[in-house]
Amino acid sequence: MIQSNKLWWGVFSLLAIATFFFMYFRINQGLTFTNLNNIVGWGLWVTFYVYFLGISVGLFLFYGVCNIFNIAKFRNLALIALYSSFITLIVGLFFIFIDIGHLGRFWTVFINRNVSSVLSWELHLYVIYMVTVALLLVFENLGIEKKYSNTESIISTWCNENKEKVIKYLTYLGIPLAIAVHGGTGALFAVIKARVFWNSAIFPVIFLISALLSGIAAIIFLLGCFHNVNLKTQYIKKLSNIFIIVIVLDVFVVMTQLFVHYYSDINESIAVIHLLFYGEYAKSFWIGQIGIGIILTLILFAIYRMNTKGRFWILWLSSISCLIGIWFIRMNFITPTLSVPLIEGLSENIYGIESTNYVPSLMEWIYSLFIIISGFIVYLFGVSHIPILKNIIHQKTKKGDFDEETA
Amino acid sequence: MKRLYFFIIGAFSLVGLWAIYYRLTEGLKMTALTSNVSWGLWVVFYIFFIGLSAGSFLLSTMVYVFNMKQYEKIGKVALLSAFFSLVAGLMFIFIDLGHPERFWHALVYRQPTSILSWEIHFYLIYMLIIVAELWFLLREDISRLVIKAKGFKKFVFKLVSIGYSIPDNSEKLERDRKQTHKWMKILGIIGIPTAIGVHAGTGSLFGVIVAKHMWNSGLTPILFLVSALVSGAALMLLLYALLVPKEKQDNTMLKSLGGLLILFIAVDLLIVAAKYLVGLYNYVPDERQVLLNMMFGERWYIFWVGQIMLGAIIPILLLSIKKGSSTLKALAGLSTILGIFCVRWNLVVPAYLESPMPGLETAFVHDRLLFEYTPNLFEWITSLGLISIVILLFSLALNSLPIMETKEGKEDNGETADGVQAI
Amino acid sequence: MGSNKEPNQGRKEFIKKGLLAGGGLLVASELIKWKPMIEAVKATQHTEVLPLVETVSTEDVVIRMQKELHEALKKPVEEIHWIMVIDQKKCVACDACTVGCSAENGLPPGVVYRPVIKEEIGTYPNVSRRFTPRPCMHCENPPCTQVCPIGATYKRPDGIVSIDYDKCLGCRYCLSACPYGARSFDWGEYHTENTPEVMPYELEPTFEYGDEKVRKGNKSPIGNARKCHFCIHRLQNGMLPTCVTTCIGRATYFGDLNNPNGLVASLIGSPRVKRLKEKLGTKPSVYYLT
């Protein structure tokens, strides 16, 4: 896209200065500028972390499936998915980085392990997953730009020759890894017996299905953003078929979990359901998760399907509303559960009754926005400079590639 | 060969009839059930067969709703086995009731808060959908059989065809076929949420019970559905590979069916892994102790040999062999079915074996108040007898109706008889 | 020498006499003083005893509960809320309630409405025993009535969870749903089954829920779910449940919670009170005093 080096130098220097100030403020002030407290300890940043990890895993699974089954028509889309998966993973991990109390100690998780902690396993898996995705990106880029083939070291020749095999085996490794990564993120919550609403084996499954949904929605979103990736209408239709099936599956699984808790009528789960349906999180649930995530998405999707011309931008809008809805699903999963007291009267006695109500503070939003914008800038940089993506952006459409209007 | 098969099945069916009569006259005290383990072998078979039915039906919708032509050959047998499995499941629940003669109460006295009440109504709607689909699918062939058959057979066929007769001219025939196509699609579309509601509902029967922590999760309905898909695909594989003569088998379809089965088994394993790992992580006595009993207790083999070996490892191995013959695939299907039976057992019975209140198991010790359960001979005989009755009816249907046919014009009964002979 | 002694003797004699006379006068005066007091005491032969405070009852708790039962039965059925209170400090695990209930309801083998759980707490030498009789909890939020496909088991307005024996299918879903294991299934067996003949007393009618039933053949209550029903048939006739009357430690109390002056309402206010498995949200009507 934008090739001008000077522009990038300028942008990145600005970014570095801004990051310095943000991090200084964060390290100096600690977590006091957030609205987190001892009752609701996980809030906006953890929601974003889970959300972006889900998108990353979903995108990677799309790439993996396209790779393994050699689906040529989605090849370009798969490469974009791989790169986006990498960037969203970094963004997600960054959210967790600023959320921990001692930022400087983040590296100790790899020194002090705890075999019984799901989070400990997860962090190691994140690293392996990150390395796998990075390696795949590198190998996909090999031999694209001729200038690199001048260095005739043994490693580079071997890499160039075995490129296809390595990519294949890395993908075979990557798919179960991605499933373990996001299933494990779900298991993080599911093993907590203190919170009845979380303590169910369905959450690894719900998280994986939400990840799949995030992935498909993100693919459709990216397809709309990258105008040069042209797909025939029938392929877009196939994508939209998968999209609607995964939406129905996700709604089914989430509603089953809510229904079983509602029927079982255990005190703590009913308290969470009350918060979601009638309490402080009612807007987030009804307007966000149900309204935007399900109803608006389905309406837009129906309009897209019923319209014979199949205007793609309606599907694109539907994918955006779906992505917003998934964010609300994550939010409604994490925070309301923490707002329910563990022992009756405990929080009122220590902190006052308002403490169970969590609304993210302005600074939390600013930080989140900053991280997302930085991620976006890095993303754009990569799109302009990574060979395979450059090719996709600059490719000219060949004749006969499509026979009808595509977007 | 065929005669021997029918003779054996017929003999077992007679035993089954006697066992049902004995059960209806002597009551449930002939079983080894207790007040504390109140659901046993018969309920396990009930959910197994309902699952088989829902799975087979959902696979048939692949052909009739999603137009996946490559599976067309198993469409009819999928629907037929869905019907007979449903009948088997409902018969098992019939003999499990304390008052079988009062079964009609469920349709007269309703209770909106009871999932079982909803389920019973769903089963009826589901059965109507299957019967309607079967009739549409087979009406043309049955009306041809009405013309050919004589005597009692003719009467039966005429009854089943509900007076439909093949029209004379080809135009009307085409129109009828289009109508069939349309109706199959409509019924299939209504049928998909019904089938999912039927079996996810059977699962949520268990999922909402607070008293048994191992059941009480949103995952239980999902687990039931996935096990249903696994057993349905396995049954299709078994029936097709077994009954259609080798020369006529469509190997690509078998291969893709095998791939589908592996996919379903993989998803099933994922869910089982989630359930066991999350359940074992925390010391919540009701759940962790039950899971430990299942894995390392007295009946460890049901989990390891049944659920894991027979249900997952052996089928995946057999199906991954590249140039595998269809017999191997049939074996894979059979092994999966046995494995899924063990899955169903582990879903129902182990949850009862832990006392809900500490000390209750020694408060009053009596045979009928134990927290242990081993099905006795009578329960096994009744189960096998009932299954034989259903298999007998299924074989008779397979024998008389052109189920495994795809080509037109080859309706003679000798063809399918040869198919059965391939056993 | 005789004349010296005589005047001394005479003086001693005089003092003695004088003292005697004085003493006699003293005693007489005292007596005279005391006489009216003695008269007064004699007059009040009865002792003035203050009446006992009315809240302290001198009658047996069972009698009191009986009286309160009669009072409660005068009210319309939706204004009553039957609860049971079991004092675990008083229970001695004699099993009289288990046996009495079985006798009252003609319970067959395998059906026990009220077993008593006996637990040993601690390790020797610091051990004690704890006993928990477990009738049906008659929950305000019953998980068993929720799941019955027929609605054969239902909660009465007075709080008792009942079973309609003629509707029950015997599907045993409610047995699976009770978190306290309080429901049993009638398998159709007899205690004297494998003996030369089934004794006539086993075929005597029982009167649960006020209906006469004989356990024969396939008829209810054979093939039904059964459970403790707070002896409705006895309540309807003004009698306390059997387990309450037969408890030798007077550990089981029964009454109407809606009566603020009643025995059970006062017992619930104790800090010792608890209910079983509160977290499940079933809200049992059986309270325990630990």
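Labels for the chains are A, B and C, by order of writing; each one numbers its residues from 1.
In this section, contacts are C-beta pairs under 8 Å (C-beta built on N, C-alpha and C of every residue); 3 or more make two chains touch, one makes a residue touch a chain.
Since the model is a prediction, treat every value here as computed from it, not as a measurement.
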| item | value |
| --- | --- |
| Chain pair, A-B or B-C, that carries the greater number of C-beta contacts | B-C |
| Nearest-to-centre chain - CA centroid comparison | B |
| Inter-centroid spacing, subunit C versus subunit A (mean Cα positions, whole Å) | 63 |
| Intercentroid distance (Cα basis), subunit B paired with subunit A, Å | 39 |
| Distance from the mean Cα position of subunit C to that of subunit B, given in whole angstrom | 54 |
| For subunit B, residues that touch 2 or more chains besides their own | 115, 208-210 |
| Where subunit C touches two or more other chains at once, by residue number | 143, 146, 280 |
| Residue list for subunit A, restricted to those that touch at least two other chains | 263, 265-266 |
| Contact footprint of subunit A on subunit C as seen in their complex | 141, 143, 146, 278-281 |
| Contacting residues of subunit B [partner subunit C, same complex] | 26-29, 33-36, 38-39, 93, 96-99, 101-103, 105-106, 109-111, 113-117, 119-120, 205, 208-212, 352, 355-360, 362-364, 366-369 |
| Of subunit A, residues touching subunit C in the complex | 263, 265-268, 270 |
| In the complex, subunit B residues that touch subunit A | 115, 196, 200, 204, 207-210, 216-222, 270-271, 274-279, 281-282, 284 |
| Residues of subunit A touching subunit B in the complex | 116, 118, 179, 183, 186-187, 190-191, 193, 199-205, 208, 252-253, 256-261, 263-266 |
